[in-house]
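Letters A, B, C and D mark the chains in the order given here, with residues in each chain numbered from 1 onward.
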Amino acid sequence: MSGIASQLINLFAAMLLLLAFAMISQRRVLSLIYLFTLQGATLAAATAVVGYATHQPHLYISASITLVLKVFLIPWLLHRVIDRLNVRWDVETLINIPTTMLIGILLVILAFYLALPVSQLSSSIARGTLGIALACMLLSFMMMITRSKAVPQVIGFLSMENGLFFAATAATYGMPMVVELGIALDVLVGILILGVFMFQIREQFDSLDIRHLEKLKED
Amino acid sequence: MNALFDCTHLNGVLAVAVAWLVIGVAGVCAMRRVELVPRILLPAGSVFGVALFAIAAHALFAPAEAAVLPIGLPGLPFHFRLDGLSAFFLMVIGGAAAGVSAFAAGYLRKVEGEMPPGLVGLQYHVFLASMVLVVLADDAYAFMVMWETMALSSFFLVIVNHRIEENRRAGYLYLLIAHIGAIGILLCFGVLQANTGDYTFANMRVQEHTPFWASMAFLLALFGFGAKAGLLPLHVWLPEAHPAAPSPVSALMSGVMLKTAIYGFLRITFDLLHVHLWWWGLLLLGIGLITGLFGIVFAAVQVDMKRLLAYSSIENIGLIFAAIGLSVLFSSFGMTPMAALALTAALYHVVIHAFFKSLLFVSTGAVLHATSQRSLGKLGGLIRYMPWVAWICLIGVLTSAGLPPLSGFVSEWLLLQGFLFTPELPSSFLNMLIPISAALVALIAALAGYTMVKFFGIIFLGQPREEQLAHVHDAGRWERAGMIWLACGCVLLGLLPAQFIQFIDPVTRQLTGAGLGSTVAANGWLLIPVAAERASYGPIIFLAGVAASFALAFLLVRKLYHGRLRRSAPWDCGFPWLTPRMQDTAEGFGQPIRQIFESLFRVERQLPTPFDAQPRYRVSIGDHFWYWLYLPVAHVTERMARLIGLMQQGRISVYLLYSFVTLIALLVWVTR
Amino acid sequence: MNPLGVISQLLAIIVALALAPLLTGWVNQWRAWLQNKSAPSLLQQYRMLHKLFNKDSVVAVHASPFFRIAPYIIFGCMTLACAIIPMLSTDLPLASAADAIALVGLFALARVFISLAAMDVGTAFGNLGARREMLIGFLAEPALLMVLFTAALISNSTSLTSIVDTLGGRELAIFPSLAFAGVAFTMVSLAENARVPVDNPATHLELTMIHEALILEYSGRHLALVEWAASLKLFAYSCIGLALFIPWGMADAQAPVALLLALPVLILKLAVGGVLLAVLETVSAKMRIFRVPEFLCTAFLLAVIAMLVHILLGA
Amino acid sequence: MDILFFVFGIPLLGSVILAFTGHKNFAPEINVAFSLGTFIAACALTVQVISMGPVFAWNRAFFIDPLNVFIVTLTAFVGLTTALFSRPYMRVERDHGKMTPRRLRLYHSMYQSFSFTMLLALTTNNMGILWVAMEAATLTTVLLVSVYRTAASLEAAWKYFILCGVGIAQALFGTVLLYMAAEKVVGPEGGALIWTNLDAVKAQLDPTIITLAFAFLFIGYGTKVGLVPLHNWLPDAHAEGPTPVSAILSGLLLNVALYAILRCKVLTDGALANALTGNLMMGFGLLSVVVAAFFLSRQKDVKRMFAYSSIEHMGLITFAFGMGGPIATFAGLLHMTVHSLVKSAIFFVVGHAAQKAGTQIMEEIRGLVKVNPMVGWGLMLGSLAILGMPPFGVFASEFLILTTAMREHPWATPLLLLALGVAFASVLSRVLPMVFGETSVKPLFHPPAVIPVFIHLGLALLLGLYIPTYLETWYRQAARMIGG
């Protein structure tokens, strides 16, 4: 039983990593959002499976929170934003994709190397996946660095949060409930504020290209 | 350790400091009443100065007293201690402050600059009080607090005329150098406390240091206090700040504040550090003499009278440090009597410099007040219109020129005597160097004479170079009083060296373990530091001799011949269109020095061409240090700042990259 | 302070005051002879002083009291200088009041006063003279001090009398340091006494004159005092030279006979010295004013070398 | 039902109420009133802690010990004075038309909720909640920074959000690792994130995990402290937001972030035998001091300049805590206090000065003593205080830090000397002409709030000359907790 569960978890973990790479390689905003939704769904599923396997009811709750927040609410918000501001066109990255991929692979190796000693100590059934979680985080971090438009940056930020959630689940069957709730709340408020910002940026610079946001500097 | 409010010297001194603070605050409370400060407060302050002088003089011979105030840092309340060294410098402060305050009472009648007189009075008295407390402080924190308060209050006094841009610049330069020096002193204390976490001087005294740490402490102290005293190459603030400040303040800064630096340096080198390495002495001697020569050579070519005096202060500080260096040299070889001799010379010079430099600065103040003219080229002939100032100033000038029988000569004499003992040093290498130093001292002294003749001659003698000089007024009552007090100091210190050395004796005993007191006391009016057949100097007999032959000559001439006198125009060399403007100028008087020491200056000349409509000749004397040290440092800083500024060019991806790289690096580092 | 000391002291002063003009006259006479001129009489100086004392002294309209006081002070300084320099005897009560360093200080005092007095009138010449005088002074003073230091180091004392005692008391030996010091001293005293090659007392050529420029505005008794002081200065310098370099024949304490003997010895030595000075002045040419610093720097260096030599060789 | 409830109940309530009444004419007074209430509650709390030692509340969810209670009081106090200052300031802004009613509502409500998040972060005993509160603080301040809706303020806010959001995310990962390490010791339930529990068992925590965790936590919270090179959001946010916001950012937020780091440091030091945390903090602290000093020398915008000076001082404090030992830690705490007092005071006067001159460019602000002596002298004294001139408290702490460093880490002192010198030269050279010299600007029609300025400076002065005994014991206990 737990054997299947752990296999499932590893599968989901692998999917998460795959999705992270996919996001890095993705040019179009719309498909970025789709990928993000998919990532959220995978995360929720993984959480649920862990919860089922380890009979931890509160993981169901966090799974459902993830589902609601990251599969329905946030993608919906993002869709609205890009409809309103119609910025559905392609995203040009600052570094070209293949290079990014290469760096990404290096990052994955680093993440595994870092996570190895730690995951040895973990008692969780999903211990092997901590490295993947870390890798996802670093990958989305890099995605934020390489993207020059606001929306993809935000998506990177959110998928980083996904990585964190997964890490929490994988390493420690999730954080205490109150913390989970708090984090969820912050994420929600954060995305709302970001949404508002994007409108304001748009009306200020009539573009969401954050290369307009380079006025404040040392000259 | 004594309770507050019982009648001890220390409490007396503290009372004076508090009184000064109260006076200052009183001035602020009645901010609008312009005449309050000069009429009542400053005279009162000067009275307290006299009181301080008396108390300190009495305390010199009393055992050390200590007190702890309930303020300060937790576990480190303010410790105050009044021992010989502090008492001596308190005498200096009190003596000079009394005269200067009295002068200021007359001087500040006219509102100086933009600041209301109340505020000036506050800063002035805070300045005085902080100097007193610096000298009293017995722990590092109290010392530093008072030290910086002193710097701060004097800084505000320097920029009293803050409308003028170069005054602000002068104040800025001053405070900057003072602060950096203060950090040096602070680090020096950090070395001295030796990880005990106890910052009292009592603790520092008992610490034993390795030669490395001891030298570190010494060098930091030299840096810190040198910055305040104006040693090369940290002297640049001095000639800027002194002219900018009101004259009484310049007098205090130059006459007294520089001495607090000497005090701090002595306190650390002789009191807190008890090992002396011989190269310390050599270093001090070298820096001191170079500073002295540099200072006097620059003084000789100045055209602004206050700048001239500022540079001459640099020279005097250099001589004092040279004497201290000699003393350190001697004591490092355990020759305590000679160390005491050299130190006596240093301390004597400290006192007389306090008096004559204050006197000269206040005289320039009086001239400035009457003529509102600082440039020598526009003065002249004032001895006829302001005789009081002129004749009193003459005393200061002769003292500063180091001429017998006035006091300036005594310290010089003692210093040279000290040099004569150097052949007894065990190291022949040092013996080679010392004569050169003695020669330098002689040269500096002679140049001082040159400079002072220029100073006095151009300002007070000759014919007025401007018309309006013909109707200037002489100094007022209070101004005269202050000047006379200071002048008396110069004269008496010159005539009664044997008596005054009794006051230096406790200090040298405390610092070097030996003193001249007993030997000097042995034979009354003659000053005999070691033995009669070695050297002796009797200023009073000296003066009597000159005076007697003066009088005899006078009487005989009148008796045997006559005293007839005719007035007529001076010989015009057959050129009837002579005007006062054709007299020798300050530049002209300094020209030989400029030629001989050409390499020391950075001279920029504007020579007229034959085709100029109205040809003009302009020459400006620059300071090499400014161009070789300060500007490069500024440029390097600027370039580094520009490089570092590149870090921040506004692109968020780059910022994210920073965090990313930092994260990765950190992770790799911690898990290595 | 024994009576004999007082006597020898007074004698020294009187001798100095009396003989100083004579020495100047002597030098001038010899100079004239050496230059194939008809010489003024030996007593010319006295006549001149007498004449000047009789004349009214004319003072510039805007001269301050300082101008009139200065001559007396200068005269006083020079008298005191002569009083403390051992010429006849080393038993001088006043000498204890001022040692070698103080002596230099004394000369400096006189110099400062005469320069200031020259600036007081405010004519171009006065200032020019004052500047040149101080220029020479600040170079000559340290050199003189170094010379005296060398002697002081040899005799371990700065008091002139004990210097002379030690130097005179020793058996005849060659002191290389003293040799250097001697040369330096000669150069310094040439400069200090306004002699060729530094200055020419015989001319009023404004390009070169120093001493004459200083006293240009003086006349009558003031001029007389200044001139007398000048000859006293020459006398004093000669006596220092004699005391340092050929101190023999001088009376030391409690020897009245020696005191009487010392006077002719001194006169003899001075006469020889005067001739030598005249020769020196005749064979050397007046140098440009801007060469003077170099000249004096050489003297300064020689003096320092003398000290070094002494410390190196202990001789 | 205890005082603690009021401490963050009041600002929470305030934020709700002001969300509706924030645009009213009396809104500033309400703001002040709520801040005052908070401050009183904080004082009461302080008294309670001093009298009966550390207190828990709501089954160990909240925990007040000497360390955080003194930051709580400081926070509440600066919150109050800043509210006082923002009264006339915001009036002027409204009259200039820079603040619409909506923005005023937002501003006031966010002001209160910001102090709420600060106090929550300080008093909570749960590392998770600490993180949540810090994130929430970021969100509120982002709104405050962007309140003017100008291009610049939006840019600043965006950068602030993204950079701090990402940073905080690292901190969350660190927290997860910490939880993971603790869980094995404390057990899955029974609050493995409760700081006091962790503190009790810190010796048994697994070193490898803790090392990794601290790395993440340090990066995360370090971003909010503004340590170089994670500092880039700080100058923009300080310069472009309203001045009261700059004041509370410098005065409070940075302190609280540093407080978070300190909490983590205590645990890590317990778990590891080595000096990892100390070296990290000294290294980053020193780097911040030096870099910030050089940045200082290039500034044109007054608020930006003082923002960099905040970075410099935060670096100094971090360095002090990194050195450890009773004296250095004490100095760090002292410096924390005086820095937030003096720096917020400076921002007050700078705010008024900028309003007078109508610009933040320093070349165009001149001769303040002429127009308004109080503001001028306030700026002069404040700058001197922040530059470490005695007798202000900043000097006291710098004195202790430098003297300790001189013998314990001599290699650091030349850098510190260089940095302090450069900083002094840069700031003084710009402040002098601003304060003195000629001017042409007119006085403002609203009287400036100089009382808070001089209260702050007076307190800083007091701390330099005399530290009351209870304050001292308080500091000492705190220092002992941090492991001095």
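In the analysis below, contacts are C-beta pairs under 8 Å (C-beta built on N, C-alpha and C of every residue); 3 or more make two chains touch, one makes a residue touch a chain.
All figures in this text were calculated on a predicted structure; none of them were measured in a lab.
Top-ranked chain pair, ordered by C-beta pairs in contact, is B-C.
Centroids built from CA atoms put chain C at 101 Å from chain A. With each centre defined as the average position of its C-alpha atoms, the distance from chain B to chain D rounds to 44 Å.
Put simply, the C-alpha centre of chain C and that of chain D have 79 angstrom between them. With each centre defined as the average position of its C-alpha atoms, the distance from chain B to chain C rounds to 36 Å.
With touch defined as above, residues shared between interfaces to two or more other chains in chain A number as follows: 114, 117, 141, 144, 153, 210, 213-216, 218. Within chain B, residues 645, 647-648, 652, 656, 663, 667, 671 each touch two or more of the remaining chains. All chain pairs in contact, by the document's touch criterion: A-B, A-D, B-C, B-D. Chain C contributes residues 53-54, 56-64, 66, 68, 72-73, 75-77, 79-80, 83, 94, 96-99, 101-102, 105-106, 108-109, 111-112, 115-116, 119-128, 130-132, 134-135, 137-139, 141-142, 145-146, 149, 152-153, 156-159, 162, 206, 216-217, 220-221, 225, 290, 293, 300, 303-304, 307-308, 311-312 to its touches with chain B in the complex. Residues 645-653, 656-657, 660, 663-664, 667-668, 671 of chain B touch chain A in their complex.
Those residues of chain D that touch chain B in the shared complex are 158-159, 162-163, 166-167, 170, 208, 211-212, 214-216, 218-219, 223, 229-230, 232-233, 235, 276, 280, 291, 294-295, 297-298, 326-327, 369-370, 384, 387, 389-391, 395-396, 399-400, 402-408, 413, 417, 420-422, 424-425, 428-429, 432-433, 436-438, 464-467, 469, 472, 475-476. By the touch criterion given at the top, residues 114, 117-118, 121-123, 134, 137, 141, 144, 150, 153, 157, 160-161, 164, 167-168, 171-173, 175-176, 178-179, 182-183, 185-186, 189-190, 193-194, 197, 200-201, 204-205, 210, 212-216, 218 of chain A touch chain D in their complex. The touching residues of chain B, counted against chain C in their complex, run 380-381, 383-384, 398, 401-404, 409, 412-413, 416-417, 420, 423, 431-432, 435-436, 438-439, 442-443, 445-447, 449-450, 452-454, 456-458, 461-463, 526, 532-539, 541-542, 545-550, 553-554, 557, 560-562, 564-573, 578, 580, 582-584, 588-589, 591-592, 595-596.
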